[in-house]
Each structure stands twice: as C-alpha cells, then as structure tokens.
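Down below are the structures I want you to see.
Consider the two complexes below, in which chain A is the common component and chain B and chain C are the respective partners.
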Partner chain A sequence: MGAPFEIGYVFSFLPKLLETLGVTLLIVAGSLLTGIVAGFLVALPRMYKIPVLRTLSGLYLSFFRGTPILIQLFLFYYGLPELLKPLGFDLSRAPVLFFVILAYGLHTGAYAAEMIRASVEAVDRGQVEAAYASGMTSYRAFSRIVLPQALAIAVPVFSNLVIALLKDTSLAFTLGVMEMTGKAQTLGTLTQHFFETYIALALIYLVISFTLEKVLLAAEQRLKRHEAREEKAGRSFKLRRKGSYRAVLADIDAGKGGRL
Partner chain B sequence: MQLDPSFIWTAFWQIFRAIPTTLSITVVSVLLGFAIGTVTALVRLYRVPVLSQMASAYVTFIRGTPMLTHLLLIYFGLPMLIDGLAESFGWSFRSVSIPMIGFAYISFSITAGAYMSEVVRAGMQAVDRGQVEAAHSVGMTSFQALRRISFPQALAAALPNLANSVIGMLHGSTLAFAVSVVDINAQAQIVASTNWKFFEAYLAAALIFWGLTALIERAAALIEKRVGAYNRGGVA
Partner chain C sequence: MIELKRISKSFGRHRVLQDISLSVKTGEVVVILGPSGSGKTTLLRCVNYLEKPASGEIAIGDFKMDCSQAKRGDILRLRRKTAMVFQQYNLFRHKTALENVMEALLVVKKMPAAEARSRSVALLEKVGLGGKLDEYPSRLSGGQQQRVGIARALALEPEVILFDEPTSALDPELVGEVLEVIRDIAREGITMIVVTHEMGFARDVANRVVFMDGGVVVEEGTPDDVFQHPQEERTKQFLRRITPEANWVI
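This part shows the complex of A and B:
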C-alpha cells in the first residue's frame, strides 16, 4: 500500500499541513463560542428549574450526547436547509463551514451546559447565602462570588472539552472542508506517502493539544490561587458539596490515598 | 427535495442490519481496551521503571490525537510493518489477509486502552489506602490484595466513567467508514445516496444511536446500583 516509508516526507508535510491550521482553529474557536452561548442557554433552565424549558434542555442534552458527532454533522448539513426552507430561509448557498461550526457548536453546547451546571452547583450554597447576607444583589452575588469559584472548578472540564473539540474537528473533512485532516488526505493521495502524512498530522494535533492543556492548567492554577493559600495556612478544608457519589469521587484528591 | 417521513421508517430497518457490526466493533474495542488500560494503569500506578514512562507516552499520544488518525496510522502503517517483517523472516502471512474490520478492532482497542487506563487509574486511586493495608495485614499477597480488595472497589468507583467510555467507543465506531467497514454510519450513507434521501437516512441513524446510548446508560445505572450496594452508608 503506497510508497515505502521515508521519514523525510514527515518533515516536508509539516509546513504544508500547518497552512490549513487556520481552518481547524477557526472551527474550534467558532464552535467554542457557539457552544458556550448554547451551553448557558441550555444550562439556565436546568439550574433554575424552569418547567417546560427544562424538559427541552434535557432533550437537547440527551440528543447531542447520545448520537455521534459524525451523524450530527451530516444531519445538520443535509437537514437544516430542508427544515428551514418552508420558513423562508434559503441555506442552499450557505458555506459548508457554517454548518460545520453550527454542528460542532451545538454538540459542544451540550457538554458545556453540563460543565456550567456542575461547576455552579459545586460552589457551596453558604457562599451565596453569605453574599446575600452582606447585602449583595443576586446579580452581584453571582458575578462576584459564584462565578469566580465556578470558573476555577470548570477549567479542568473546559480543558478536556476544548481538546475533545479539537480532535473532533478532524471529521469536518467528511463534508469537504479543507482543514488539516482533509489536507493530509489530499497530500497522501498525491504522493502515496499516507503513513508519513498521518504521522505529521498526529504530531501537529499532539503539539496543539499539549499546549492547550498546559495553558489551561496554568489558568486553573491562577484561578485557584486563593484556595492554595488557604491550604498553605494549614487548613485542609475544601469547598465541597454534599452531592452524589459521583461528585464526591470526582473530588477525591488522588495524591492522598483517596481519603473521603 | 421534501422531507419524507415514511422513508425514515424504511431507512431505519435498512440501517438496523448494520447494528451487529457497530456493536461488535464497540464490544471488541471496549474489552481489549479495558485489558490494555488495566495493564497500562497498573504499570503507571506501581511506577514500574521504563514501562511506566512508555505507558505515559502512550496515553499522552493517544489522548492528544484524534481517533481518526489512530485508525489511519494503523491502516497504513501496520501493513508496512507486517509485510516488512514477513519479507525478512519469510512468513507466508501478508497484510492483505487482514480483514478491514480487523484494522478497526486493533486501532480502536489501542484508542480505548489509553482512555480506559485513565478510568482505571482514577478508580484505583479512589480506593482507600487502608483497604490494601488491611488486606496485607490479614496475610494477603500484593496480588491477592489487588485482585480481591482493590480492583473490585476500583471497578465500582470507575463505573460511571466506564459507561462514558463505552458510549464514547460506540460513537467512535462511526469512524470505521474510513476503512470501508459498513457500520450504522456507513450503512446510512449507502441508504442515503442510493435513495437520494440524506436527511431521512441520517435521522434514522441518529435515532438508532440515541436508542443504543440510552440502553447503555440504563444498563450502567442498574449495574452501578448493584455494585455500589456496599457503599451506601447510613443504616440498614
């Protein structure tokens, strides 16, 4: 299959693949933005227990988490123009990238919603009560007390979300978007050096996800600096919601032999 | 082109036939992945020199690259390796005799292995250190303590994550189309393009996946309730 292995090709493919890095990152950034907005919209009815909307959010979450992203991509690409045609929108000329970003965005939105809900719920109820007791409005209590703490809790999950999204964008080529994986396939077909292209491709993905992980880890540490100081002062007290078995497990400090 | 609701039903049954393929890819990759993951996790937990570094590199690489690249790397790389070895050792086995689905099995097991190793590792770390110490104090060997005490508890703790991994592999199996294996997704593609009804076919495929995912979730919740019985706390 193909030509014999030559390591030189890996290096010559790297810059060619990097040319399309912009498209990949555009999909990631666009979907992330869409996803966070969608995530908030979906998470709010669940957090505030708004009757009908809550059921709808549940359905949204179940669907987007219950079907593969590849199927969702095709569903959006073929289905959306048909669904919107009777409403007077003509999407047949919309760029493919639009469908791709929308599909990835709504897919990410489902995971973002769970992330938002879980991290807000992980902030101790007493914190909000204390904020109210000191005379803050509910908006202020949220923006000054809950949000900063929830953010710190959300970062590790967010980090996983971004990296998963980056890896998922490798499927956009199925709709004909020329992002890195699509480019790699073209290069492979042109030169018959498939294995080398995919090694180069894997290396690029690896470097990007590694960098993203490190950057977000640094962000997490910065957001958690207050907690770190507390711990240094000898108080091993940590904010923890009574929560479910799962939440408690997620909270276990691995380094300490799993004390509960 | 108009939406044809009755075709969704037709497509549903045509796609239904591909379920065994999807499930076999999922089951094989989950089982092999679990075996690979357990070994990898243990090697890392016990800090076996050299092997634990290799295990870390493996997990980092797999988790940092898309599953599709693993499949493509195996698909193009493995035949090179096998044929190269076969030539130099004079074997009669050639890569041509590997069925397409074999590549999916191998590559997805490798992918699942890395993710499972993190699941197993987190589960093992969730087991109270005192449990192992107690096991040693009643005279169990390290292996006995691992097999009888730590591992069952770790498995119970890891169950929610394990269920997520299984669902992840179920959804990941759609990538098998890249090596021309006809799973649910590929079947949907065939049904769609032969009838020129794309939306209906993918809708049917989405419904099937939705149902399968719900089944796995339900099963996981049941098992979780059962194995978590020892850990409910409280009285009675």
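This part shows the complex of A and C:
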C-alpha cells in the first residue's frame, strides 16, 4: 500500500494540486453556464405546457437524472463523434474538455430545469394577478415581480447544485483530463504517497465547497430581506438543570411581546 | 361609465355566469352581494380579465371590447382602466409599501420617479401609513397591508376600482380601519364595484346593491329597496340567513 504516511507530503502536494484548480473551476463555470441555458430551455415548455416540446423535455430530464454521470461522460466522449460523423462534423480532434463541459452542462441542465420550474411555480399566483390587474404586460410581470421572488426561492437549491457539480467534476479524470483529481492520481502514483495526496485533495474540495456555501447563503439572505426576520433562534434545547421553573417562565415572558 | 353586456362564463360544465349585464355610472358605488358560489367574485374578475369570459361585451369609458375575440392589446387597455383590491391583499412581497404603490406608476404609466414617489407618499399618508413607507408587507398587519393595497389602486387613477371582498381575510378588529378608508373614497365620488359580506357597510356606502345567486342577477336596487323591501324570495332568504338579528326584532 505505497510508502509510509508522512504528513509533510500533504502540504507539499497542496500547491501542486492547486496548479490544476483552474481546470476544475473552468469545468464548473462552463457547465454551470451551459446548464442554466439548457435549464431554461427545458423548463419553459414544461411551465407553459407546450405539447411535443414538453414531452421532449420530459425525456431529457429522465435521461440525465436517471443515468450515472460517469456513463453520460463516456456516452458523450465516445458516442457523440460517431453520431455526428455522418452529418459531416468531425469531432475527433475536439479537446476532451469540450465533451466534459457538454456532458456536465447538460447533466446540470436537468437539475437546473427542475429548480427553475419549482421556484417559479412557488411564487404565489396572487402576485401575478396583482401585476396583471395593475396593467403590466406578462413580460413585465415576470421580470419585475415573479423572477426576483423566484430567485430568492431558488438559491438554496442552486447552492446544492453548484456544490454537487464541483464534486462531480472529479470524475473527469476518467477521460484523462488533468483537473485536480487527475493530478492527484498522478502524484500518488509517482510518489506512492496516496493517502497524503487524497487528504490534500479532500481539503481543497472542502474549502471551495464551504466558501461557495457561505457566499450563496449571503446571497440568499440578501434576496430574502423582505421576509419578516425571525426572532433570534439562539434559545437552547438542552434541559436546564439550574434555577427553578418559575425563573425559566419569567425568562420566556420577558422574551415575548412585540411582533415577529 | 362601465357597461357589462351578456357576460357568460363556465368552469367545465358548471355555468358560473349566465348572460349577466350590469352598468355602473361614473361616480357610482355598486355593491354586489350573494351567497358563496353565486359568481359575484367571478363577475368582478371578468371586468379586468383575470377571468376570461366566454362571451359578452365589456365597455369602460370610450373603450369597448368583445370578449369572444379579445386580443392581448385589448386586455391590456382594459386592465389599465381598472384597478383591483384583493381579498388576500396581494402586495408585492419583495417590495416595500412605498415601492408597491410606485411600481405600476413607473412601469405601466412611465411616470418620472420623483413624481411617482411624491404621489405614492401622499397617498400612503392619506391612508394613515406615512410612518410605514419602507416596511415590507411581511412586517405589516393585515389591515395595514390592505390599506397599502388601496393606495396602490388609487395611485393609478383608474376609471373604476374593483374591491374583491377586501375585508374577508382580516381579523375582526382590523376590519374597521379598512372599511373607513373605503368609505372615504366612496364619498369622494370614485367609481367602484365592491364584492363584500359586510352588510352594514354595503348599506352605508352603496348607491346601488346587486344581489346575485346561481350566476344571475336576482335583484338590484337602492340599498333601501333591497334590504328593507326585497322582492325576490331568494333575496329574502339570503338576508334572513346573513342578518339573523332582523328575525329577533320581528
């Protein structure tokens, strides 16, 4: 099982892995962009119940949500050039990254479509009615009233989606892409310090996920600033052994009163 | 002047409105009464096309449209001549009280921001919410939200304001403040059509009361006519049910 564990390797691997962080982030950003565009295109026919297109959207969703991402990667990489060859497109020289971003993008698109549809449908129908009643066009009602509220609803789901995508990109190494996980494999094989490499790798993913989560949480709070702020949820649920029940009750009494 | 002619509407096989005609003069306050399921809210929502009538004609001022061949532009014009106050207030949740009133002034009327702002502030002060301009709806009580809703409707200076059970969702102690505002508006000669269950209020503000049941207008007349001397059996039954005190006196 390789060379004996040495913590020093973890630190020396960190900068080496970070050299390929750019590739990982490029895959994430490219797929996210593709995914959001695809998501909108797929969500629209479902929201507006357009025949035929709606069925196609359904098929798209079933495929990308119902098969493993690894298999989708292989299908795109090996299948797409074969499929397009008879149509006169030569993809045999296209960079691997192209297939990777396309596969991850369309995969993300399936989840983005459901996110978009669910968030838009979660906006109260009365909001649209009020917009229409005051004479807004359907475009204005959507862009000024529905969309801002739907965005706030979508952020937590979006946050999950981005983090899942970040972690999924680690499978791109199977097609020989030198992103972080690919680099880690190489380093491991070269030095035989597998455990240290993967600790370093896990650390990097963790830090990025954590940062993304915090940033998106801040965005959510900003978008939801119109919601009534809830009372500070700092009250502990532990059984308090000190003091009498009367004291506890008095405490609660002091805390209530006033509005939400 | 608002003129509804032979408005019909069905939900599936259920005919909600059957050839209803109604005309409202400028400055008139018409209250529509009726048991639930009588089609009164549907009729009101047909006036601004939140419900699409199957057939009939709607005329407001100099604008006239045939419902069976309504185009997008017609519907928009119709809606820009009306404003609505909703049972559930339907304030834009992501906008403050002030922004709620300003929104359509900016987006629909294309009013300069400063003008929209001063008009909105003045109206909110008039409904007693001068101190709540920057509050979001979630921080306002039901009564306050509904008063913002009324200010929002007034700001558009529509030819008619449609009130859809404006106090039905309110806690009993908040009903008074909203009715008071509506009463003031009624006195100022603004044309309105009101669907409500508040009998005392109806009696007080209405120039004309329309009693509906089963998708047709059963009876209409001055509040005195309808409340004191109802002609139709269905009206009598409804009034007995809704004001049981009347029975005790008799």
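Definition applied: the second predicted complex is superposed on the first by the 227 of 260 C-alpha atoms of A that agree within 3 Å, B and C clash if a C-alpha of one lies under 4 Å from a C-alpha of the other, contacts with A are read in each partner's own complex, and residues count from 1 in each chain.
Heads up, the rule we're going with is that contacts are C-beta pairs under 8 Å (C-beta built on N, C-alpha and C of every residue); 3 or more make two chains touch, one makes a residue touch a chain.
This structure is a prediction, so every number in the text was calculated from the model and none was measured.
Touch criterion not met for A:V215: it reaches neither chain B nor chain C. Once the two complexes are laid over each other on the shared chain, residue contacts for A:V96 go to neither chain B nor chain C. Once the two complexes are laid over each other on the shared chain, residue contacts for A:F74 go to chain B alone; chain C is not touched. Look at A:L59: by the touch rule set out above, it reaches neither chain B nor chain C. In the superposed model, A:E129 lies in contact with chain C only, and not with chain B. Contact with chain C, but none with chain B, is seen for A:R140 once the two complexes are overlaid on the shared chain. When both complexes are overlaid on chain A, the residue A:L33 reaches neither chain B nor chain C.
Set against each other, chain B and chain C differ in how many residues of chain A they touch, and the higher count belongs to B.
Of the two partner chains placed by superposition, only chain B is touched by A:L171; chain C is not.
On chain A, the surface patch touched by chain B in one complex and by chain C in the other comprises residues 259-260.
Every residue of chain B that touches chain A in the complex is listed here, in rising order: 1-3, 60-61, 63-69, 72-73, 76-77, 79-80, 95, 122, 125-130, 157, 160, 167, 170-172, 174-175, 185, 188-189, 192, 198-199, 202-203, 205-206, 209-210, 213-214, 228, 231. Per the touch definition, chain C reaches chain A in the complex via residues 48-50, 76, 79-80, 82-84, 86, 88, 90-96, 103-104, 107-108, 136-139, 152, 156, 162. Across the complex, chain C is touched by residues 124, 126-127, 129-137, 140, 144-145, 148-149, 152, 225-228, 259-260 of chain A. Residues 1-2, 4-5, 62-63, 65-72, 74-75, 78-79, 82-83, 163, 167-168, 170-171, 181, 188, 194-195, 198-199, 201-202, 205-206, 209-210, 213, 245-246, 249, 252, 254, 257-260 of chain A are the ones that touch chain B when the two sit in their complex.
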